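Following: one structure in structure tokens, then a few remarks.
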Amino acid sequence: MKIGVYICHCGTNIAGVVNVKEVTEYASSLPNVAVARDYKYMCSEPGQNLIGDDIRQYGLDGVVVAACSPTMHEPTFQTAVSRAGMNPYMFQMASIREHVSWVTVDPEEATEKAKKLVEAAAARVSLQEPLAKRRIPVRQSVLVVGGGIAGIEAALKCADAGKKVYLVEKEPSIGGHMAMFDKTFPTLDCSQCILTPKMVEVVRNENIELLDYSEVEEISGHVGDFKVSVVRKPRYVDSTKCTGCGICSTKCPGKAPDEFNMGMSKRKAIYIPFPQAVPLKALIDRDSCLYYQKGICKVCAKFCTAGAIDFDQEPDHLSLEVGAVILATGFKPFDARRAREYGYGKYPNVITSLEFERMTSSSGPTGGKLVLKDGREPESVAIIHCVGSRNVNDNLYCSKICCMQSLKHAHLLKEHIPGVTVYDFFIDLRAAGKGYEEFYRRVMGEGTIMIRGRPALITDVPSAPVEKGKLVVVAEDTILSTVQRYPVDMAILSIGLEAGEDAKELARTFTCSRTADGFFLEKHPKLAPVSTPTAGVFIAGACQGPKDIPDSVAQAAAAAAEALAMMGKGYFELEPYVARVTEELCSGCGVCLNLCAYNALEKDPQTGLTKVVEALCQGCGACVAACPSNALDLDGFKTKQVAAELEGILA
Amino acid sequence: MKTLQFFPGCSLLGFNEAYYKSAIALGKIIGYQLEEIDDWNCCGATAYFSISEERTFLANARNLAIAQRNADELTVACGACYASLSKTARYYTQSRKLKFLMDSALKEAGMVYDGKVIVRHLLEVVFNEYPKGELAAKVVRPLKGIKIAPYYGCMIFRPIPAPIPRDALEQLIQLSGAIPVDFSAKDKCCGGMLVNNRPDVGLELVRNLLSEAQMKEAQLIITTCPLCQINLELYQGAVNRKYDTEFKIPVIYFTQMLGYAMGASPEELRLGTELISGLDVLKKAEVAKA
Amino acid sequence: MPEASWWESKELSFVYERILSLAEGNRIFECIQCGTCGGACPVSFAMDRTPRQVINLVRSGRMEEALKSESIWLCASCYNCAAECPAGIKITDVMYTLKVASTELGIHHKNSLGPVFAKTLVSQLESGGRIAEVQLILRVAVHKLGLLTTLNPVIYLKLFMAGRVKLRGEKVKRMEELKKMNGWLIASSFSLEEKDRV
Amino acid sequence: MSERKRLRIVALLCRWCSYAGADLAGVSRTKYASDVLPIKVPCSARMDPQLVIRAFSEGADGVLLAGCHPGDCHYLKGNYKALRRFMLLKKYTSQMGIEDERLRLEWISASEGARYAEVVNEMSARVAKLGPLNWRREIPIET
């Protein structure tokens, strides 16, 4: 074993405190050390060449560089040594800058510590083994879960790059919540107008296979090669035959509350979710269908000229193979009933922001008219922010979109009903975004009365004649410091965003963790915002946290880019740190099995011993530390190697 | 016949004997008897907390210590007593500091408390211990067609909510044959001692309650707290004078209502001791029936 | 947790400490000044400072203003604010602590009859162990003649006829127990603001 | 000082959080005791109890284990596993007469350079108070 040790001065950064010469001498005295040198800047071209030359000249099979932290220059030197024909994993760094010279006052102490670290590194290297990064081929296909704006965007981006995309949407149509909105802040362009083209593009793009009305059942495999099983729920209408003419709905006698209109209107038992639905195909809702409930009717079948109705349709199970996954499963609107003090569900004219969106939409239940339940136009309206957000009793986080959404609603009210009085109750107004503050000013300019105070109560009990037949909002105007009663005709609750119902389920299926509030957890909040701890699984949109449309779209593109980069490269490189089993030592006790967070360990059915699935192993070593018979060990961090380092330090 | 260890509190021995007596009468019918705990002391209501929180906790610790000698449950009918006692019991188990305080002081007086006593409000006991069907079956004088406003007051739901649904009284009203009105002020404040200390403010609160009751056409208000009864009934005159209104709504205890519906005699229930006769209203039911 | 602000007079800083040492007392620093408490408070219409302002006075160390505010004695302890507060602040407990300090220091708004009432009730409690309402109300009324008009004698006459008035209040037999307990409290000079006791 | 220098404390740092935290301490030039020497491991869960015992028997006067904060583990739940093991290990070491202060588990994130320095200083001060451990005792042979 021949080791070369190189001590870096790093200008005066190290040499200013550590006695480099002394350390170098000490190093040369260590076992297996063939050569020890010091140099002004090891990371410089000549510095790197110095190492290369020695490797060739002395035939070194191990190299130690004592310089800055490995996080800084390990890759640099690893390439340097491999260029000289040495295995990069026969290299070790001793951090004598970040961990010594920069943090120690006394030069003597510093020099001592540096020596120890060098000795440790040398001892370690002499026990290190050549390793190679693992390359996993990556399939050229993506699974996108969720057909909201984020999912659509991600799918289109990947498809445009020529990759096969499977877009799974659990609802009968894609479009998500954005399809329900009327206008979008701050530009006020019509939501449908900008979304519909993208929805249509999804079906038109031959690289995208849209799996509508479907859900992911199970996923196995690993980055680059996921095996996904998807179930397609029966529509009881043959999508290949259905022309979307809608005659069936017009004839159908069965009725049910229309989900798309937040139950404010009725739809038929056989229906097309909404006029711009994609795919534009009908489906039957069993619960409201007379045939399924009473066994009679089948009117739709009689009138369907395409003969698309298929009452015996069964769930369809598909299995897909993809290289990467993008989760864009969106959010769940806060249930306003939980905010008891506002009497949603008790007072008919207390509505949610989402219901208001449908109301203002010309395709909505009121054909775009803003009216009270009795059909009158409201003379005064209260908009209440932060419903279900910023509250220890519901959700502590800020839902981010409600401020702008409320301002938008204030504007729409003024636009639809000239002379209407609008009170906007906010706690703090958060208009951070391009053009948001300007929009805020504009809305104030239109005469919306902004009140800084969170209403405590909405009641229908008048305490003065003016309050008769009105909803009374009780709130403190915290600027005037007076508690007032505001009589209004309608109250709009700006409800917050919550993690989707199925988020927990999905997190388990795709082994990605969640934050305390239930949203998906990104790998790094700043530097890996769309990645998850599971390689090959990315997140986009409101499933990662409350988000408005621009942010969701941007994140979707980012997630697509991550996936494409992986596929473009064609393979995925894993660090060579993998757990290994010495079968002779393994007793098959199975202690390790459920310790692995990645299911990388399994019992070999034949031998009954533990087997490591390399591709899944992330190299944390949790199993190694647990193995009672030392049968498991971790490449690159073998017990003997760490022990050698220990002894080096303690020698 | 289950025995309930009972803490009456000062005002059930004062203005509000009717509450105490009707509670006993109701027990005879549905199957409990009240056993007053020995030598209890005042809970300090809200006022004691304003003088010394420490001493308030001590005073109630004594009550709890006495209670624990017989049973691990203590039933309370007064809202203020319920608040003070349950708060004390809760904090004893939650705060090491307060536990230390109470334990040491009790020791000084040669007493002990083990923190096991559960403080229950009479309403909660009646509602949770007896199946609704059973109670309904006992109704012999259904209060047909009478509109009753259920008034809980503050203390049942705050600070420590009793384990009952928010429409417990409504359900009891229904099963005694009457019609509960949608009384949104049902857990709003009656003014408490303000009615006495700051009539100008207190009476305003009383008025708010009464005017909603009137607006919802309630013929009767039932309460679960003696102070609420006093404020709502006694001061109707004062309110009428101050706001020139004409409120004349009887205010009785839920125990009186149930007791009457279940056939107890007005005398037992001390019906008639209220200043605005609730009995007259209750009688209307029979007229309607006949 | 921030220290009591330097500008506040020394002798009041203990009130601050006391509030912080309440169960979850330091939550007052999480107050987002949304005013829910004011809206939820049934008597805020009569307050010179809304509960929100009181909390802000306290946490900015302006204790004297807080104590002098009429609001703390207008608080009827209905706990509605605490129940609704989105920051989970136990406002009622804060109010109580301020009341205690206000009675201890004799600092309170001139209109406030609360201290008198509280003292009267407690003196009755600590002498006899129980309260006799009539005596209590009359003794308080003495302090403010105006009151006699609201609780007009006629009502009490009616009450009397209805047999609801007990002139003699009952007393606790073993008063010494209570006395001993409070005795210990004084002797041990135990007080809630001492944070790291036991 | 001379007393302090002879002490040898080993710090096993998880490479994702705590080692990066130590780096940050360096980058921000925070000075701390020089007798705590770092070793990089992939995860706090890799910290094999055997290694800790090995360290003591090789003459370490103290061992510091550091990993990501609960919930932040790069390997999802490694730090919880480490914590559970640490509990057991503590029992053992105390049985073997190793003082509590000599073995310590800390959560130090990549952004907590100052905290790393603080922990190290505490550790070295406490161990200094106890003096050397001399766990590697030769068995005296009577002659």
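Lettered A, B, C and D in written order, each chain numbered from 1.
Assume contacts are C-beta pairs under 8 Å (C-beta built on N, C-alpha and C of every residue); 3 or more make two chains touch, one makes a residue touch a chain.
From a predicted model like this one, the values you see are computed outputs, not experimental measurements.
Of the two chain pairs examined here, A-D and B-C, the one linked by more C-beta pairs in contact is B-C.
At the centre of the protein atoms shown, by the Cα-centroid criterion, sits A.
With centres defined as mean CA coordinates, subunit D is found 35 Å away from subunit A. Averaged C-alpha coordinates put the centre of subunit B at 22 Å from the centre of subunit C.
Centre-to-centre, using mean CA coordinates, subunit A is 52 Å away from subunit B.
Computed centre separation for the pair subunit B/subunit D is 61 angstrom, with centres defined by C-alpha atoms. Of all residues in subunit C, those that touch two or more other chains are 45.
Two chains count as a pair here when they touch; such pairs are A-B, A-C, A-D, B-C. Contacts from subunit C toward subunit B in the complex involve residues 23, 42-43, 45-46, 73-74, 76-80, 82-83, 90, 92, 96-97, 99-100, 103, 111, 113-115, 117-119, 121-122, 125, 129-134, 137, 140, 147, 150-152, 154-155, 158-159, 162-166, 169-170, 172-174, 176-178, 180-185, 188, 190-192, 197-198.
The part of subunit A that touches subunit C in the complex is made up of residues 341, 386, 390-393, 427-428, 452-457, 474-478, 481-483. Across the complex, subunit A is touched by residues 184-185, 208, 211-212, 215 of subunit B. Residues 459-463 of subunit A touch subunit B in their complex. Those residues of subunit C that touch subunit A in the complex are listed here as 32-41, 44-45, 49-50, 52-53, 84-88.
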